[in-house]
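Pasting a structure here, questions to come.
Chain nomenclature is as follows: A, B, C and D, assigned in order of appearance, with residue numbering initiated at 1 for each chain independently.
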Amino acid sequence: MPRAKKTTRAKPDRGTKGRAILAQNNYGKSNVRMVKVSRNGRKHTVREVSVDISLEGDFEAVHTRGDNARCVPTDTMKNTVYALGKSHPLETIESFAIDLGRHFLRLASWVDTARVEVTQVPWERVVSRGKPHPHCFAKGSEERQTCDVLLAAGETQVICGIKHLVVLKSTDSAFSGYPNVKYTTLPETRDRIMATSVAVRWLLSDAGVKRGRFGVYREAVRAALIDTFAAHKSESVQHTLYAMGEAALKACPEVDQIRLSMPNKHCLLVNLRPFGMKNDNEVFVPVDEPFGLIEATVVRGG
Amino acid sequence: MPRAKKTTRAKPDRGTKGRAILAQNNYGKSNVRMVKVSRNGRKHTVREVSVDISLEGDFEAVHTRGDNARCVPTDTMKNTVYALGKSHPLETIESFAIDLGRHFLRLASWVDTARVEVTQVPWERVVSRGKPHPHCFAKGSEERQTCDVLLAAGETQVICGIKHLVVLKSTDSAFSGYPNVKYTTLPETRDRIMATSVAVRWLLSDAGVKRGRFGVYREAVRAALIDTFAAHKSESVQHTLYAMGEAALKACPEVDQIRLSMPNKHCLLVNLRPFGMKNDNEVFVPVDEPFGLIEATVVRGG
Amino acid sequence: MPRAKKTTRAKPDRGTKGRAILAQNNYGKSNVRMVKVSRNGRKHTVREVSVDISLEGDFEAVHTRGDNARCVPTDTMKNTVYALGKSHPLETIESFAIDLGRHFLRLASWVDTARVEVTQVPWERVVSRGKPHPHCFAKGSEERQTCDVLLAAGETQVICGIKHLVVLKSTDSAFSGYPNVKYTTLPETRDRIMATSVAVRWLLSDAGVKRGRFGVYREAVRAALIDTFAAHKSESVQHTLYAMGEAALKACPEVDQIRLSMPNKHCLLVNLRPFGMKNDNEVFVPVDEPFGLIEATVVRGG
Amino acid sequence: MPRAKKTTRAKPDRGTKGRAILAQNNYGKSNVRMVKVSRNGRKHTVREVSVDISLEGDFEAVHTRGDNARCVPTDTMKNTVYALGKSHPLETIESFAIDLGRHFLRLASWVDTARVEVTQVPWERVVSRGKPHPHCFAKGSEERQTCDVLLAAGETQVICGIKHLVVLKSTDSAFSGYPNVKYTTLPETRDRIMATSVAVRWLLSDAGVKRGRFGVYREAVRAALIDTFAAHKSESVQHTLYAMGEAALKACPEVDQIRLSMPNKHCLLVNLRPFGMKNDNEVFVPVDEPFGLIEATVVRGG
């Protein structure tokens, strides 16, 4: 996401009239997929990750003069994922991302920042004939655990996240009391389905990064998000989103701020009156588009 | 799938020289999505299905003369899914498909066959604070339960299925002893990852359809497929596929035949020798394409 | 498509009571992508294809005994695409598919049929500063030219096709006069948008295959389809689909039969009355689902 | 893209110890699709757009208290697209986006900024029997024209863009002279395929926005990008990307800055030596992942 910061809406400074200037650049390798099999006797563990690497630094001559003397090939970045992946325990995606990032920072003096994003693909141990199987796995849901780590000299920022966590509650959700402005036709409701695909990113405090208990933070945040979504008496997606963010901050002191993005995956009540039937919140049509998109950042007051 | 039968490779008969003849036709509505909420006190159940309907019959004049007198609108088919869905318990997708099909067969004398395919989208009850939540659900994996029902006068054929069941075993899979033909370069292996996305369809016997215990059949077949995939000492995808089909027939007497389609979702062993490392079946690259595709039909001998 | 024939709805014969029998099998490599650059002085030509190969034959022991002595690796099939692609002019995808299929038939005595499907990915020469550029190309539309070739001893069947040809006409399309059956609510219209994504497959006559002018046939069929879609006064998708099939048969004597599959990509008229406006067929919402699906096979009468 | 700015990596201020604070929020409707048919006698014009709307302002109570008094429904935003679309000529997507944005700014005093993104879906007039058809259209390539307009009191920022412009050059591209760092194995090349899917966004100057000749700017930028990609003697993707940005700034004085994002859609040279063949840059395998991703912002020096 920070990538997007690069298209600043601010005007460029006006020092060198008319000439084109390289204001920012970053490059790297994306979607480097790796499956790692770890063995503990007959019991195997399988982890699959997808890694994106992006470097910033003094790459001016690569762009302006076609001089590649400083251009570490993205193919090398791919190789590095496999080479480091070989010995890394991969217990958390954050620890792997940090180790990769450090490698790239050390690699060359002209690299200023290394950004490493890791997404975990879930493989769940199969239960066969009532027992967890030692080496057979099934792919889990579309939910993904993510991290986005930015390393620079003396600085390690870690944003953890979840995406594609699709949840639905079939009651305790309302939408009413909104202003009746031009072109408003939506009827109010005190009971509807609320469904969404949660995408969330939380920034860890420096202390949290130092302590390094990424798996613990993640469990706390995820449980807070889901429990709050389930229990909340919702007046709007915004209302529930904020409660979820608040709960995550409360559940995990190591989280400094959290951003939630919740598309409203609308389930429309079907009009059954033309067929002489009453639809008492039973039959809905899920529609993919258009969709409401609700986003906010909740931070910890100091 | 039977749709594809329509492009017969056989030559058309030669009765009416040079004229175009409508040899076959079918039409209907696809991707009719419905979410159904059932309530038992405070406890809700959510089911989501996607329905495809297709009719065959005497629709010649619709095509050749633009005469719509017999053309039941596909919009009406969509409405029918919602109207019948309102009162249907939806306990199995097969029972819903059969009821929909019967409705369309009865609807008009010129409809010969009604084909109804139903796919279930899995919503799993959320466990919150240690307890199953009464009305909050999370979307499950990409695995889909399907059925494909064909109704004609006095006939009901039911094909059940599963698709996108993605499974992986990290050992007990080999591939060796194959012929070394022109352009063969693949090295043999006695230990590899085998991963696939199982798509399977099984035809029920008439007796099985009559008994109507579709959920029971499905559980038996699914368990047989997964248990066999996990336990099999595999010499090839074909070898395991056949064992899975055999096991499914054995596990469920109501299955007359079963077709399995198993793309080989290759996990390639990374060559770490350039980095001075040995890769002892630890680090793999999953690749999406090209992929081996293995398919077979296993039937019950009489 | 013929793959689907394999799940026959017919009951298996009852000769070997209770035993599982391998009734049919096929296997191969799918999505083998290749970019071929041909050079004529400074002028380059780029062709991109995706190839699916599938073999049938005596592969019983591979399945039932794990004996791979006859199992030509799918990796070898992939290699063969590149090796044959190196010297093949690729002037038509049909000629490449036939040559690949012949290679596989000759490869081993136990191979009965080889099926090769080729899809072409369109790269269009870029026009830069008013001139066709010698070596720069831009990707074209999502329309794909396809062929599906089946080779067996003494037999070569060629099905050509087009898919993802998305067309829209903003008038000369009606839908009225249909029966008002249970749950019908659709209003009639004499003027609507008709949009579809045409998928079409045509079977060539033996004489046509022998003559081998695949590019000529394709041009004739494609033009007939588009011209007819554009000019037709449509009473329904069926009506236009049939006219398109009829026109294709007329335009190309080498076509024996043609199957068209035309999803109705509905554009719904927006109700602007709540805003005090009249919508005179000006503002529409395109919706992806549910969609009508209309399919038919038109054959040449003898 | 600016949405991403919202997850600031900066630490929140520490004024209200321990409490959760709503630091930023935005909401709106996404993927509002509209097809607009304009008629000039028998000649029709079809335009399809997809609109994303997002508002910021004082929506604190919506989030923290569940008070919807200020929560303009996203359903209303959808209606507004259709209502304004009815009378708008839609000559450029930028003019439509600006008009939509102004509507939302005026709608309520508590709305501070309105962001409107419009993507155009290309429909090209069909040429039938040698003549442009008055009302039949075919969908064009995956290339999309985009704009992203941000309106606040007294301010209108317009970012125009193109995405999914997939181009390939089959020569005049090299990659050599890079540093041989740890894990580098890539061989150097002086002649390779360079292919990419260009995504580009350019910020217009205030004067450019005021003049409002968005179609003219777009044509100039697009031609400069394509001409430069085609003609450039490339030493790397970075080298060509920068030249393209420089050329766009030169071609259109109204562009203040431009950001390019160019994934390297690798075409790998196939190793044909095991088959006794030499691959003289003829046969390549296009691979989707992993991919290099090169991004930079080029600004106009003052």
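Keep in mind that, in the parts below, contacts are C-beta pairs under 8 Å (C-beta built on N, C-alpha and C of every residue); 3 or more make two chains touch, one makes a residue touch a chain.
Here the structure is a predicted model, which is why all the values come from computation and not from measurement.
Peer 1: Does B-D or C-D have the larger number of C-beta pairs in contact?
Peer 2: C-D
Peer 1: Shared interface numbers for subunit A and subunit B above half of all numbers used, same, or below, different?
Peer 2: Here the answer is same, because the shared fraction of interface numbers exceeds one half.
Peer 1: Quick one: report the Å distance separating subunit B from subunit C, using the average Cα coordinate of each chain.
Peer 2: Roughly 22 Å, centre to centre.
Peer 1: Distance between subunit B and subunit D based on Cα centroids, please, to the nearest Å.
Peer 2: 38
Peer 1: Starting from the mean Cα coordinates of subunit C and subunit D, work out the distance between those two points in Å.
Peer 2: Measuring from centre to centre gives 32 Å for this pair.
Peer 1: Residues touching two or more other chains, restricted to subunit A: which are they?
Peer 2: 33, 79, 83, 183, 185, 274-275, 288-289
Peer 1: Under the touch definition given earlier, write down the residues of subunit B that touch subunit D in their complex.
Peer 2: 183, 185, 274-275, 288-289
Peer 1: Applying the document's contact rule, which stretches of subunit B touch subunit A when the two form their complex?
Peer 2: Within the complex, subunit B contacts subunit A at residues 33-38, 44, 46, 48, 79, 82-83, 85-86, 123, 126, 128-129, 133, 135-143, 165-172, 193, 226-227, 229-231, 267, 270, 272, 274-275, 277, 279, 281-286.
Peer 1: Okay, in this complex, where on subunit C does subunit B touch?
Peer 2: 1-9, 11-33, 52, 54, 59, 62-76, 78-80, 83, 107-108, 150, 157, 159, 175-179, 181-186, 201, 203, 234-239, 241-242, 245-246, 249-250, 256-257, 259, 263-264, 288-302
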